[in-house]
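What follows is a pair of complexes built around subunit A, which joins subunit B in one and subunit C in the other.
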Partner chain A sequence: MSSPTQPAQYGFAERWLPRLVLAPSFLLTLIFIYGFITWNGYLSFTSSRLLPSFNWAGLTQYHALFALERWWVAVKNLFIFGGLFIGGAMAIGIALAILLDQKIRAEGALRTIYLYPMALSFIVTGTAWKWMLNPGLGLEKLMHDWGFTNFTFDWLVNSDMSIYTVVIAGLWQSSGFVMALFLAGLRGIDDSIIKAAQIDGASLPRIYWKIILPALRPVFFSTLMILSHIAIKSFDLVVALTGGGPGFASDVPATFMYAMAFTRGQMGLGAASATMMLMTVAAMVVPYLYSELRRSRNA
Partner chain B sequence: MGALAIKNVTKSFGDTHILKGIDIEIDSGQFLILVGPSGCGKSTLMNIIAGLEAPTTGEVHIGDRMVNNIAPKDRDIAMVFQSYALYPTMNVRQNIAFGMETRGVPKKEQEEIIARVAKMLQMDHLLDRKPSQLSGGQRQRVAMGRALARDPILFLFDEPLSNLDAKLRVEMRTEIKQLHHRLKTTIVYVTHDQIEAMTLGDKIAVMKDGVIQQFGSPQEIYEQPANLFVASFIGSPSMNFIPCHLAEQAGQIGVSLQSEGEARFVPLPNAAKLAGQVGKKVILGLRPEQFDAVENSENSLACKVHLTEPTGPDTMVLTQLNGIEICARLHPRDAKGPGETVRLKPDMTKAVVFDAETETRLA
Partner chain C sequence: MPKFWRGVVYSALLLAALYYLLPLYVMVITSVKTMDQIRAGNLLSFPTSISFDAWSKAWSSACTGVECGGLKPFFWNSVRMVIPAVLISTSLGALNGYILSKWRFPHSELTFALILFGVFIPFQVVLLPMAQTLGWFGIARSVTGLVFVHCVFGLASTTLFFRNYYVGIPDELIKAARLDGAGFWRIFFRIVLPMSTPIVMVVLIWQFTQIWNDFLFGVVFSSGDSQPITVGLNNLANTSTTVKEYNVDMSAALIAALPTILVYVFAGKYFVRGLTAGAVKG
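Presenting the complex of A and B:
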């Protein structure tokens, strides 16, 4: 009863317990993630409207999707939001991490303050920022009350600018998290490397730019992955902050999908847009995973 | 010209006094060792010399400049760290070139220097590798190469061999010494290893609790330790410390050694320094190699062997004198087995005597 890799004294329980413990989550993952991905993929090739139907419709839904202006607004918004959100959170987070790494006082308290927004859900963040950015209620009214009557800040209700309010709220929420990741990375760097560079005559910015940040490459990539998937699937923040409006000016693919599939009775179209989102994520994650796995095999 | 002078340097963090008034001066081309147990302040002193930390009071002179207010990069020094401190994302060539780039050395000159350093340290084949692809010894070599490329007036080595295995450590030790002979640059070298200190140094500063216990040549420190701490720290196996009382017999000052119920009076050298202190409690210091095994001599004591530790060329014999465990380094031919008796004759000409109270050396 013993396989060559396992000592003979291992009993039935020892060999089967790990599998038994893992089985429920494995089953759930199989059904609710991969099963539903498959079902969604199938639905996107059907003519489903209010309810799922199984009439094969080929690529009709994709043709309809690509012809829809609202979809392209959502895609464009995703690029605006994703680019600014990832780039901005990364820049602010790294800057905060470097500043916090200068052996300052009350670092623990400051770190907590910057990290706190992460503890809120995007819904809370979105609602709070909606009040602050609301021209009749928040910042603009405050400035008017103070006497700056020419001050206008109506991005929330301006269809050209509303997506940028989502960026602001997203940055507020996630920069502290990026900071925490990079701070951990900075702490892992040997102090004497910095000393050596100082003796070599490098200025502090040069030390960070040429030596420390390149050494944080793995942190950089993990952060990029986390931020990208937050950006692509961002839904709650947009819903709470702008509701995709004015009109559909601040729609992103996730809100587009939700609107089509669940409020406008275009389930096939929604499924097609969901598949497009999955493909986008896969296009980024698969090469990353591949390179990471290959590296760990080589190591 | 003095290459390095440290004048009454202190360093405190609040009420914690790390360095309590350090004075050291060495000549150009000398190899200075700072040695001491962990927490003695030797690394802090090194950082102060490098300019990575500022002294609380006192002055540091490198060459003929007072460098207290000069940044590390302008002190014309190079430093090798215990953890090597190689820049992880750069290959060996870039690691060596980084400092030169920063100082604006022309590209062509950089290449010449890299080639020269690589040849000197026999690491031409490593130039395009990343630090993570190098072994500990190779990383050490690169760290030294980076320091050599600078061609400074002062090299600082901060426990450079501590992370290497025993065999490699001995090899690199020899290599560092050869390098020093060749380059004749002043070196300050921090270590906690007394063998490194003895083998490498022209001058050794033995430190403890932020105070220099003794500053002198290796031989001075070995033969005339200033106090009990220096005597016990330098030398392996450690010096034997035998508590006894000063006595006078037939006009000679000496001490009484006892073993196996037999007591023998042994006169001390430098008796003049001990005059008038008869009866005082002292500690007699005898190094293991200062015992000879003899057949039947006037001045020997019969000692029962507890344990033997053969090292090859010598055998360490553990026995007792005055109720204290002592170690004698004997020729294997003379060493007896455990339980047997060996007659030991101490060589009193090199014996040292410490005050039992103050622990400083009396004679």
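Presenting the complex of A and C:
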């Protein structure tokens, strides 16, 4: 028991109890996050195929990975998907947020509509878009019925285009989320700055471009982090929409890893690709986390 | 703003609303059409008559690979998975957040950072070791195994949510309680927890949505009679039958989406708060 005159003095139990209660979670993190990352890293240096083996194989798996066309297709697709998905979601989301910020009637209802896809599973989204984009009875038939008889849309089964269908469905699902983030950011901006600029005769687009958007830089960065994170982890949407196909034309690293590790008996290769994914994420997240924690400490 | 521009703004917003709503409209009308109607009409054409056959087939008799029992067993697997996983990961997160914000100890910030990193890792990196470990524990390919996995990998985000919320509770309140002789548990249950209703709602809903919608863990760590609904839906939609029954696919997709949509409709406020809080602060 701490005496009232010395509140800073914790008793023995009080000093150790918090650490004891936190210990299980901390241990779980150490084992199942850091331990498993190490374990996976080790697997990637072995010759494991169908079953894990502990034969040290050096960089063999990485050499094999980098020599594999399918891996580079997956990496290229991640760049295509990531670039268009992040850029598109940002553009749509920011535009909607700015429009919604104009004292709109029924703003709440519109916001609810824009954001509901975020509550759906990517598998649901993928299944729905697979039906709408299917070359037989989907979009193509609709356009034919509307009189565009020459309209063809075969992206789902076209090796060169299938990754773009993932972009379309991904944008539908996630752009409302960007809207919500930026709208929250816009609402946090001090009105007096805007009023002052208006008195100075600045036009509304100019105020947004020169004053408001620059002030939203932190929102921009955290949104960028989240979207790139969704992009790198994207697995479900690709599986549900294209299954990585045709062939492996719309593979991304996440589906590549799953195929190698769990269906094709190439465990070492799967582990190596997972490590590559982790390194990509870590290269972005570690500096970000570091700066965030520093800022919160200085604040 | 001039009237003309207001008109432009409203049209753009309504057009966007249409874009988000159309897929849902297509799903719903397709699910109540017969295959003949689907072939005769197009994506947007209104059903000439309403039939729930596709719904009942999706629920109880559609083929998901070799089995033909519909989504029902998968749905109940998801229910049995999501309830314990959400409750356990939320409770642990609340305690962790309470400790990391109100009972700081040497290196507690580092501990927090180490736990926080778990929010960001691509889970591919833990799949292979986890599959092996679940086997050792004897809970591979079971709902229990999935509950365990979701608890472990949900800890990072639940801890983050609670910690960021509890930082906002004034330290003076805790100090005053300590002066009155209240200890660790008493302060948590009598003071902190009663103030936590909003954040508890946010985290419960967040975890529910995440776990219900998860596909990666479901497809890797379960098989046969322990698979969750997302895996069931994906199997159903990719099972090749002679005729692709889009009405059954859409009914199945709606069945899988219904629980999270209901949560969104009735507690959307907390869902949105979770999304933005996790992003802006994390």
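FYI, the second predicted complex is superposed on the first by the 271 of 299 C-alpha atoms of A that agree within 3 Å, B and C clash if a C-alpha of one lies under 4 Å from a C-alpha of the other, contacts with A are read in each partner's own complex, and residues count from 1 in each chain.
Criterion: a contact is a pair of C-beta atoms (placed from the backbone, for glycine too) under 8 Å apart; a residue touches a chain by one contact, two chains touch by 3 or more.
On a predicted model such as this, the values are computed, not experimentally measured, just so you know.
Model built by superposing both complexes on subunit A: subunit B and subunit C fit together without a clash.
When subunit A is checked against subunit B and against subunit C, the one touching more of its residues turns out to be C.
Look at A:Ala197: by the touch rule set out above, it reaches subunit B but stays clear of subunit C. Within the superposed three-chain model, A:Arg217 lies in touch with subunit B and out of touch with subunit C [touch as defined at top]. With subunit A as the corner point and C-alpha centres for all three chains, the angle toward subunit B and subunit C works out to 90 degrees, nearest 10. Residue contacts after overlaying the shared chain place A:Arg206 against subunit B, while subunit C stays out of touching range. In the superposed model, A:Phe66 lies in contact with neither subunit B nor subunit C.
Put simply, subunit B and subunit C get as close as 11 Å, counting only Cα atoms, in the superposed view.
When both complexes are aligned on chain A by C-alpha atoms, no subunit A residue touches subunit B in the first and subunit C in the second.
Residue ranges of subunit B in contact with subunit A, taken from their complex: 47, 50-52, 71-74, 77-79, 81-83, 85-90, 98-99, 102-103, 146, 150, 158.
Here subunit A touches subunit B in the complex through residues 190, 192-193, 195-202, 206, 210-211, 214-215, 217, going by the rule given at the top. Residues of subunit C that touch subunit A in their complex: 1, 6, 9-10, 12-13, 16-17, 19-21, 23-24, 26-27, 30, 38-39, 42-45, 92, 95-96, 99-100, 103, 105, 109, 111, 113-118, 120-132, 152-153, 155-156, 159, 175, 178-179, 181, 183-184, 209, 212-216, 219-220, 230, 233-234, 237-238, 246, 249-250, 252-253, 256-257, 260-261, 263-264, 268, 271-272, 275-276, 279-280, 282.
Within the complex formed with subunit C, the residues of subunit A that make contact are 1-2, 4, 7, 13-15, 17-19, 21-22, 24-26, 28-30, 32-37, 39-40, 43, 52, 92, 95-96, 99-100, 102, 104, 110-125, 127-132, 134, 137-139, 141-142, 144-145, 172, 176-177, 180-181, 184-185, 204, 218-219, 222-223, 226, 229, 232-233, 235-236, 239-240, 243, 253-254, 257-258, 261-262, 267, 270-271, 273-275, 277-278, 281, 285, 289, 293, 297.
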